[in-house]
Every structure is written in C-alpha cells, then in structure tokens.
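After this come two complexes, each holding chain A, first together with chain B and then together with chain C.
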Partner chain A sequence: MSQAASPTQTTAPASAFETDHDAFVTAQPAPAWVAALRTEGLASFRALGLPSSRDEDWLYTNVRPLARGHFPPAPASVHPPTSLAAHRFALGLEEGPRLVVLNGRYEASLSSTAELPAGVHVTNLAACRDRGALEALGSVAQAVKHPFVALNQAYLDDAALVHVEAGTVVHAPIQILFLHTPTGDPVAVHPRILVVAEQGSDVTIVERYGIDCIGALAGGTCLTNAVSEYVLGANARVRTVRVQREGTRTYHLGFTGVRQARDSHFQSTSVSLGGAIDRNEVRAHLDAEGAENHLAGLYVISDEEHCDNHTVVHHHVPHGTSRQLFKGILAGQARGAFTGRVVVDKGAQKTSAEQANHNLLLSQKAVAETRPQLEIYADDVQCAHGATIGRLDVDALNYLRSRGIGKTEARNLLVHAFAREITEAAGDARIGEGLDALLAARLAPSSEGTQA
Partner chain B sequence: MTNDNTPLLEIRGVRATAGGKEILKGLDLKVGPGEVHAIMGPNGAGKSTLARALTGHQDAEVTGGEVLFRGKPLLDLEPEERAREGLFLAFQYPVESPGVNNSTLLREGLNAIREHRGEDELDAIDFLQIAKAKADLLEMDHAMLGRAVNHGFSGGEKKRNEVLQMLVLEPVVAVLDETDSGLDIDALKVVAKGVNALRGAGRSFVVITHYQRLLDYIVPDFVHVLADGRIVKSGPKELALELEEKGYGWIEEELSEASAS
Partner chain C sequence: MSSPADTEPRKLDLIDKAALNPELDDLTRKDYEWGFVTDIEQESLPPGLDEGTVRFISAKKNEPEWLLEWRLKAFRHWQTMTEPTWALVDYPPIDYQAISYYAAPKSDADKPQSLDEVDPELLETYEKLGIPLAERAALAGVAVDAVFDSVSVATTFKDKLGELGIIFCSFSEAVQEHPELVRKYLGSVVPQKDNYFSALNCAVFSDGSFVYIPKGVRCPMELSTYFRINAANTGQFERTLIVADEGSHVSYLEGCTAPMRDENQLHAAVVELVALDDAQIKYSTVQNWYPGDKNGVGGIYNFVTKRGACRGARSKISWTQVETGSAITWKYPSCILQGDDSVGEFYSVALTNNHQQADTGTKMIHIGKNTTSTIISKGISAGKAQNTYRGEVTMLAGAENARNYSQCDSLLMGDECGAHTFPYIEVKNPTAHLEHEASTSKIGEDQIFYLNQRGLGTEDAVNLIVNGFCKDVFRELPMEFAVEAQKLLSVSLEGAVG
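Up next is the complex of A and B:
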C-alpha cells in the first residue's frame, strides 16, 4: 500500500489507519484524557491488526477492501447545516430530542436537547473538559479485545453521551443521527455513543446512520466504524432502535456493547438497509440475576450487498433471559449472514435463552448463511435455537391475488409481513410505522435488484 | 354481446390436471344470473380442482375446454384479473398469512376491484365502515379485522372470514369450496346468512359441498353430481336429499346401466 510509508514496531506493514493517525491528532486536538484514550486505541489496533477470514468471528465478512483502501477521517462538512435541516428526520420523530453528528462532529444547530426532562443529560464529548461521569467510556466496548473498537477509540473525536439518572423515565425517544456529506474521495467516520441508564431509569435511544444516504447519493464511498456502549443499572429499561441506511457503497461496521445489572431490561431493534459491507455486532453481558436481553434485527439487501449480524450474549449468572430474532430479506446476489452465540457460564443456572434466524430469499442467487452457537456450561437451563431459509409462500401469494391484489403488490405485502415481526418489536407505534415506511422505500421497484 | 340471459359462468368441456394426473375430464356447467348451483360428489371426483381451475390456482392446470365469464374468456386471465372481473373463491383451506393484516388484504383487494370498475378508491375510514357492517352481519368481532389473515384463527373463524371477504368484495360469481365442512350448526347458519344476504338477480353462486345439510340453509336452484371429472347428473334441489340418503353408488350403477344399454 502506498500509504504505508512509516515504519512501525510490528512486522506487518502499517495500514493507512495507522499512518493517518498523526495528522488526525494534529488536526483534532483533544483534552488529555481523550488523547490518552486515542493513544491506547491505536496501540491496541496495532497489536490486534485487521481480522482475516481465518478468524472464526470473521468467517463471513472479508474486510480486505478496508486494508487495501484509504479511508482518512472525514473533513468537516462543506455543506451548510441549513441544507441538512430540511432533510427529513423520519421515523415520526421530526420533533423531540436529538443529537446530530455531522461528519464525525457534533452539530449544535441541528440538535435539540431543550425538551428533555430533568435527570437526563445529553451532551457530546467535545463539551466535556474532563472525564467526570464518563468513566464507563471504553468499559463495555474494550479496545484491547476488538480491532475495530480499538480503531474507533484511536480516532475518538466527538461522541454522543446520554446519562439518565436513577428513577428517571424519558418518554420521548432520544434520536442520535450520524450523517455524512458527500466527498469525492473515500472517508471514514468513527461514531461513538455512550448511554448510561442508572437504576430504575427508562429510556429509548434511536441510532441512525447516514440518513437517506446523502453521501451514497453523491457516489461517495464511506467507512463508518461505529461503537455504542450501553450500561444498564439495576432494574433499568433501555430500548434501542438502530437504523443503518448509508447506501450501497458504504462499509459499515457497527459494534454495540451492553452491560446489564440486576433485573435490567435491554431491547434492541436493528434495521440494516444495505451496504457494500455491513457488519452489525452485539456483545451483551448479563452480569446480574434477573437481567433480560432482547435482540431483534432485520436486514434487507440486494445486488451484491453483504450484511453480517454477529451476536454474543453472555449469561454470567443465574436467572437471566435472552431472546434473539433476526430476519433477512435477500435479493439479487446479496449475501446475508447471521452468527448468534449464546454463552451460559457454569453457574448461570435457570438461564432461558432463545435464538432464531429466518431468511427470505427473493432471488435464485441470493445467499443466506446462518450459524447458531450455543456454549452451555450449566446443566439446568432452557436454550433453543432455530433457523430457516425459504422463499415466498406460493399459496399465500395465490390467496392474495385471488382477492384482486396484483402480483407485485401481493409480493410486497408478504415481504412486509415477514419483516413486521421485527418492526413491531421496536415497541413504539410511531417508530414501527417509520421503519415500515423505510422498508417500503427500500423494497420499491426502483430499488434495483430487490424485485426477484 | 351480453344480455340478461347470458350465463354469468359457462364451463365448456374443461379438462384439467393436478399433480400430473387428469382430474377434470370434460366438465360442462352453465350458471345463469341469480342462480345457485350446488355441486356434490364423492371424494376425489374433482370438486376442488374445479374451484382451483376457475380461479387460476397454480396447482390446477387446464389442458382443454374453455370458460366464459360474463361472456368473455376467463382462462387467459391472471388470478387477480379474474377477481377484478367479479369471480370469488371461498377457499376450502384458507391460507394463513402471518403479518398481513386482515383489513389491509380486504381494502387492497376491494380497491383493486373498484379501480378496475372505474370507481373511486375507498379511504381507510370509509372502508372500515363497510367492513364493520359486514362483520356485524356475520356476528364477527371487529377485532378480527385487525388480526393477521387467518393466523391463529379456528377452523370456523377461517370459514367465516372467507364469507366476510365475499361480502366486502361483492363478487358476481362466488364459488364456495366446502365452506360448510367442519362447521357447527350455529356457524353454518351464519355462513348461510352471509350468502343469502348477497343473493340477487345479478349474482350467482356455485356451492361445492359434501353435505346436504348446507342446502337446507342455502337453497339451491340446481344440484349437480360431479363424479370422475364430469357432471354426471343434474336435478332440482330434491336431488341433494336423495344423495344424502342413498350415497353416490346408485348414480354409478345408473351410469353403467346407461352405458351398457
């Protein structure tokens, strides 16, 4: 690689991610505690290196295009924020609290945090002069364990921070939008979210990436390397909705780390609407008894897109509950993969864990891979998994048509029906409807390759 | 040219295969406006294949003959086009569609049919008003409209839902494929009530059934016996009673005597 000019301690040539770091640090000075995290992240990234497909956890996703390419940190947006303000903040969430991060930088003029109730603190990292309440940053997503978490930390710039005090119930979903604006050359952004929900609090977080794929519309290639950390106190309830819609040329790597205290309840709904490579990881730790973890995911991909959902739910203690439901809709020559690992430690008796992955193939050439991995070391548990790969039900199609509904409309109804279980899992009618609308747009005939 | 006496449905020498086997072997049937025709017959005679062939189901392949619907050829039309022309099939085994809302199915279907007729699309509110009134007629809970199509419905609920669809879509010709099978007497009466509510000069019914009992409530103008892929005997409604009493054996005997002589 031409970018790999400077020598490093490792024998492998330094990737552009390493050689770009000095320029980044110079261009984006940060408080000492952030600088220290960056240095630590870079060191971990050097030590871990980019994963290869020989790595068990990266069996289905080849990140070589990232090593070959050059993805420097995105420059500040050249578009005046006003042009983006007109952009639809869809999902029925036009109003309400939101944080907007534009090309990796918090954009106050597009954000709105005034109407949050007392007890909720929403801010961005650049506004924090000292680490203060941010002790948790890096505690759930640990740089030493994961190369892309390390990379994210190395390029830590601005982050969205949500802190909900004990007993605070936040009714309005808090939206966090990570937007990119078009550039001619490939760029990288490393979004970061930290959500701390203290004991007995209740909050919904909506993470959105690349709203209406501004960058992709302009033909730009982008790497999004997002890390989100969720820390749940005892009896806390956190719902997250994660929508990735950055466009067909994007490389999106998402990592969600979750730590759950006693009786806490975490529910995540992720919707991936395509990308050159879209990797969606969840690492959840049920640290105390009575914790409940629900992961739902939907991926809708076409053409030569690739989506890989990879989860690890770790039951460390007894009486934990976890549910996973992931669904793929695959058209064209798309490849979808699901790996779901459930680890039940020796002492984690009375664990109840279920996992399912269902795939709907809309074309002859689409490929779905599914790999449940149950690692159970306890002997008194209920664990189940199931996976299906199928096509549209011909009888159902015929039934709808026999009522006067056209073939295309009937297909769309059935595809939506397949997806609805996930969009409904978001648990909020407005968000569910918004997700259905996004899905309808994705499945529209103009979306090349989706119609099999 | 159509006039008041043109049959709404005319089946001429239809042959059809299912699963590679010939099931219909030259079937003829003429259904005039306002008439109710009952089709009875032993298992395997071809009753369900007839229903499927009429609606364009992929499991029935028509290999010969023709079907005229209101004087126009039917068999070249797609299933949805047949529905829009006014043909309706109440399925013997209604298909479950988890995730497809019952009222969405009905509204999309009704609006497609209305558009075909050059009528305005109904909005959600107007539609719901119609659907609720029809549900009331069938003593159905309005909540059924909001549920997934047939998903988790009992056998009786599924059949009732078929009749609800028929009432909403207001077809010109409705084919009921064993809609009475498995129903208790109360459910049967409700189903019959739905059918009788639609009966009128411009609308016809083909009622496929195993049991004469249904015909006590939906009184047919004609009864036909379908055996070995053909209509082998036709008669007035009393024929159904005779079939109930004596079974189908005597018809087969009658037929073999006729062919011997």
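Up next is the complex of A and C:
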C-alpha cells in the first residue's frame, strides 16, 4: 500500500520480552484459545522485531530504551486501594459503571457493572469460558502487522470486554481504568480492550491509564502497552475518551483499532498528559458507505517528555467522512510529534477528509514535529490538511496583562483556550469539565521555569 | 461486517463521466514529440561500474589527482550504501552494471572551438529541440550550455559574459581553468555521502555546467543549459555548480529531453547552488524527459539531488520547476537557509499522466535568524499516474523569527490516478511561525461545463483550468520558459479528464 508499511525485519538476539514469556505462561495459565493467541502473538513479535527509527512509521519515536531495558510483567498489587474516590484522576466519574484492572488483573472489588441496562455486557476475559462472542478479538488490531500489538497479544492475560447488543443505548459512560502500582523496578502491563457495538447501539467508553496512588507521578518506570479494539455495526455510535496520565517515567504505547460498518459514527478524544515516551496510534477502517470518523487529540508535555500521535484513517469505500484535529502544548524540552495519514482507496469516491495539527511551543527548547499526510487514489474527493506551529500571541498576552491579569495566569488562560476545542469535543459536559480540571492541574506545576 | 454491495464502488459515476467527455481519452494519448534519436558517432564505455570506470572517466577528462581521489572516495562509500525505498514509487531493481557510464559525441578529442565547428547534425538536434543555440540565442538573449549525453557541446555568449567576469562553462572546462573555485565549492552543498544517487553521481559524473558570478554583478541574461540523453543504455550523471558571490544576481534555466526507448534510462544529476551575502539565484527547470509509453514501458528514471545553500546574510535562492516528463521522478530541490534574513522559495508544478510516478517536493532548513521560506506546489495527476508531494520544513533552535508558508494542492483527473501529500515539519524554536495547507480535489465538472457552455471545447477548458491552477508557479518562470511550460502542460494533459 505505502512505503515502509511493514516494520524492519531484525535478526537481533531474543529480547527480554521473548525470554520472559515462558515464565509468564507458567505463572498465568489460560484456556487453550487464549494460549493459542499468546503463541501467535509471540511468533509475530519475533518475526517483526522492535521497530527502529529508520522505519518511516517510527521516525519520531525511538523505542531503543525498551530494547535495552527489562520489563517483566507486573506482579499482582499487594495492597490494592479500597476506593477510587481519592483519585485526582477521577474525571467526575467516581460513580457509574466501571471496570478496574490493576497491574493487569481485574479488580472485582473496585469495579461496578450493576447499573448497566439490559443488552450491555461488560466483563473481563478471565470470566469468559470460551471465545464465543470474542471472535472479534485480534481482528481489528492484528498481531501480524504491528510489533507492539503482537507483544500485547503474547502477554494477553486479562482484558476488558464490552458488548452492546443491537439497538441498546447506554447513557452512562462506561469507564475502564487500567492502574498500576509503581514499584522500584521496571515492569510492564499489557492492557487490552474489546468493544463490540452492534447495529444501532450507542455507547460512551472512557479509557483511563494511570497509577494507583497519588503524588507518585514521578514514580517507577513502567511500560504500558495498551491495545483497544472497536468494532462498530451499522448505525452504531461510539464515543471514546482516552486519558493517559501515568507519570513522567512511563513508556506508554497505545494502539486503537477501529472497524466501521455502514453509517456508523466513531468519535475519539484522547488526552495525553506526559510520559517518557507516549505513543498513541489509531488505525481506523471505514469499511462501508456513510461511516463517519472523528479523532481529536490533545497532548500536554514538558521537561524531557515525548509524545507521538500516529493515525491512519483508511477510506475503503465511497461516501465516508473523517475529521482529525490534534493539538500539542509543548513546554520544557519536550518533543511532540504528529503523523496523520488519510488513505483513500481506488473507488472510494465522494470521500470527505480533513486533518489538522496545531502546536503551541511554550519554551525555547520544545520541539514540534508534524506530518499530516494524504494518500489518495480516487479523484472525486475532498481532502485537506493543515498544520501550524507557533507560540502564544504576544498581543493577546499584553492585552490580558494590561487588564491586570498576571503573567502566568494570562498565559494559562490562553493555553487553556487553545486546548478547549479538544476537551469540548468529548461531547459529554461532565467529561469535558473533568478534562479541563486535569489540564489545569497539568499546566500549574510546569508554569515556572518554562516562561518564555 | 460489510456486504459486497457496500464495498462495490459506484460504477454509475464512472460511466457517466466517460460519456460526458469522450474526447478526453484521445487527448491524453498524444505522443512524445521529442523522441527522435540523433544518429551521430558516439564514443561510449561498455556497460559496467567499478573503480576502473571511475578512473577512466577521470582520465578522459584529464582531471587533477584530487578530483580522482574525491570520485573514488564517493564510489567506495556508494558501494556500502543501499538504495532508498521510502519514496512512494515502484520500479524494478536497477542493474547498475548494465548501464554505460560514459557516452560522448566522438569529436571530443578536438572539441569544437566555435559554433561553426560543431557537428551540423548535432546542431540540427538542438534545432529540433527548439533551443536557441546559434543566432536564435542572440535574439532570445539566452546563453546556452548544451549538454548532449554526458559532454558539454557548446557554450554560447561566453565572451560577452567574460567581460563582466562571469564564468559560464562546462564543468570539465571549469575543472581545468578554475580549479580553485571548483575545489572550494564542489560537494560543499551536497556532500559525497549525502544519498545513494548523489554518491553515484559524485563517482561517475561526466560533465555539467559551472557558473560563477563575481561580486556585485547582475548577470545581464538568462543562463541556460539543455540536457539530452541520446545514446541507448547510458545513464546521464551531470553536475551543476552555481556560485553567486556577494551582491550578485543570476537566473538560470534548465531543460531536458530524451529519445523514446523501450528500456528505462537512469538520470542521476546533482545541482549545487551557493549564494553568498546579498546574492540571489533563481533556478528554473522544465523537465520533459521521455515519460515512457502509454503502458508504462520505457522512460527515464529521474533521480536528482538539487540543493542550494544561502550561506550569506540576505541571500535568496528560488527554485521553480515544471516537471512533466520522466517515468519516475525523485527530486527534492532544497534550500539551506544559513545566512540571517535569507530567503528560500520553491514553486513547483508536477504533472503525471499514464503510468508516470513522481515523488517530489522540497526541503527548507532554517538555520539563520529571520529566515523565510515559501513553498507552492501544484500536483496534477491523470491516467494511472501517482503524484506525491514530499517536503520537509525544519526550523532549528537558532532560527529566531523564522517563517514558512507552504501550500500544496493536488488536482486529480480520472479515477485511477493517485495524489499524495507527505509534509514533514519540525520546529525547534518557539518564535518560528509555520503554516502548511494542502488540498486535493478533482477538476471541477461544473467549471468545464461552464466553459463548454461559452463555446470552449473540453480540451481548451481543461487547459484553461489547469493553467489557472498552476498560475502561481508559472508566474515565477522566465518568459520563454513560461510559454514552453504552458505548451508542455497542455500536450501532456491531452485527454486526461474523465
């Protein structure tokens, strides 16, 4: 299809991820079908190897620290928290249906699925006896195509599963929390989500990645290698909000795969609040006519953090619509990257695709990189993209300051306004407010020392 | 998930379109007009590439030892490199041993001293190409350095330029007569190890043009080079070096053609521009290498490295290109904006039809303060062609107040072609300001209809629309070239709208 679509083949010696696998399989026995998926994942990971920055898809993210380090699967949490209320991370959603996965294991005591209407099944993989309704697992995020999806599948343990039956409308957002306890040593968790929204259903999913104690954001090194799959039936509407706040020493690799049937509507808002390496990938396939896909993303990073948003929206058929809007707020020596690709297949006429990436540089040493890409094989289409990189408007700052607003406050006000377009896109007012609060908390500590 | 009915493209649309404009198909099928072969005695090396080839070329050119060493160093490095695969082009592997690396008209030993001595058959070739080499040169006010296969054939207006201290000669001549200038600047913009094709060029380049404009001189006429690949199975590896000293100004034109042949031929040129303080270089290209036939057989592989360095403060380099030929184009004319307040510009029209593939764009590297760059790229894709814009804008930490504006538009004609946009943007300074815009759309059916209604044939309507689409770029071309470019465009497009 395109250049460098397949990761570089490497013949490097087996990485720690491969050598750890035997111990993992012994420690976490699984039904035969899960074991088969694990074996398949490991084989694909072996074949693909870790990507290098010579690979076009990984140009802006260097995963060498992962190859050098050793990230064994995280052990079970010794003292699981008793309540989530204390979480700064709460997003105003302490109540309501939720699944909590702690260090890769489902925590029944913290989860609550009682209030869900009939027709919605929220469960975890370990509770499923056979594959049954999980046929879709691995069909959207395919191990053979992506080394980290393969790795996730190799370490498939527990997974959050949401199945919405045809015509079911779920009003309350369903929260899925992946938490891990920072320990002294580096560990890895491989969160997995499968959402199947059948014909005419309507659901909001909130994916959250964080650590289970407050004030430890600068805590231990962790690799989170998350994979989420969304399968949308005809006319289904799925909104998802993804918040990553695992701390400055986390390596977060997120992969979201989406398949959309006729007239379905998928909307995603992702908010990344820092990490040593934070990579968010979205691969969306518009398989049938009339499908609509909206991706919005915000990344707020500082110090030596790195965030890379990488999207591919693939229009396979005519009459598809896609919109992408990603915004970066970069301070300190942070590096923010965006690669977005819209692929319009031959014959996918009447496609409408837009793509935008805007970056705000708040410090001398922050770096923004952006690659909005269009790959178009049909003629009757409307596709556009745009990118900007700049700093805060000095006139606007002076205007605010001349009205008695302090320098830091004025700056935060403008930064907030810049970000607002994304937090508002989440659709749900409560979630939007929660995101705003998170953003305010994120901006506060970084405001010193990053004054231009 | 999706039924077959869902995935079936809407065939109705396509049929309707073809019915609407039946003559369009004929339009695209117009033949390559420059496909003649000149039957003159050639002196060429047998195909093959090793150190001996490099030494042969160097000896043939009577080159000094340092240049031979320079070539060998490049060759040895080239052997360790692998061909790049990141471009969105598709071609069978090139056998570098099957190419002849040197071909010259036989009369090389006693090179013609004036136009009268030039082989009349050769002059006829240029006549067919329509370049104003002889008397027509005077009328058009163009000084031409014509490169035929690998050797520079004749340079006109040398004396007149000499009075002003301007050096405009073939590269081989420059090596003999101005070794200090060549040595100082050769490889200073595109290093030997820069990329696979430039390294190959460094090893085996045979000729090209050299221009030096002394301090404060404004070159009174457009300088021009015409390239032509005539011999079969040869590659053309020319090298152009233009140095504009402080406060000088030059406009340089380049045109290319090749005969029709069934096999693919390789063209891997390197162009280096150096602009010192307050100097301005304007480099215009109309590239019309043989694009292959309607089925994608034959044609030139145009793998070219062009780069300009704005070394001095307030210097300016402007690239304008009209790319209509070549089976495959792989070309990124770039500007390194080193000097404070320097300016880089890139204006491009790239047209691909039938099975042509183009992966072209620019790189703007902002290093100095207050540097500005503008990128205007217009891609037109028809038939079964693939047209890619790939451009990089980098603003380094020291590039205070740097500005860039990029606009990349694509026009699609027909439902089997592709248009792609791959910008790479990297900003390391918060005072830098950057905007990138791109759009892709098909040629407007209602626009064609509107023009039809007013009595214009579909062909004229398409030409009008396309010329309007490309206006921003044509405006930058020198007059004679603008006319040629418009003509080329309409020829290359004939029949493209469906």
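Quick notes on this one:
Definition applied: the second predicted complex is superposed on the first by the 417 of 452 C-alpha atoms of A that agree within 3 Å, B and C clash if a C-alpha of one lies under 4 Å from a C-alpha of the other, contacts with A are read in each partner's own complex, and residues count from 1 in each chain.
Everything below uses one rule, namely that a contact is a pair of C-beta atoms (placed from the backbone, for glycine too) under 8 Å apart; a residue touches a chain by one contact, two chains touch by 3 or more.
Predicted, not measured: the structure shown is a model, and the values here were computed from it.
In the superposed pair of complexes, A:406 makes contact with chain B only, with no contact to chain C. Of the two partner chains placed by the overlay, only chain B lies in contact with A:398; chain C stays clear of it. Of the two partner chains, chain B is the only one touched by A:414; chain C is not. In the superposition on chain A, the chain among chain B and chain C reaching more residues of chain A is C.
Listed in rising order, the residues of chain A touching chain C in the complex are 2-4, 56, 231, 233, 259, 261-262, 287-289, 316-318, 346-350, 359, 361-391, 452.
By the touch criterion given at the top, residues 393-396, 398-407, 409-410, 413-414, 416-421 of chain A touch chain B in their complex.
The touching residues of chain B, when paired with chain A in their complex, are 55-58, 78-80, 82-84, 88-89, 91, 94-100, 104-106, 108-110, 112-113, 116, 148-149, 165, 169. Contact residues of chain C toward chain A in the complex are 1-3, 6-7, 9-10, 13, 85-88, 395, 397, 410, 412-442, 498.
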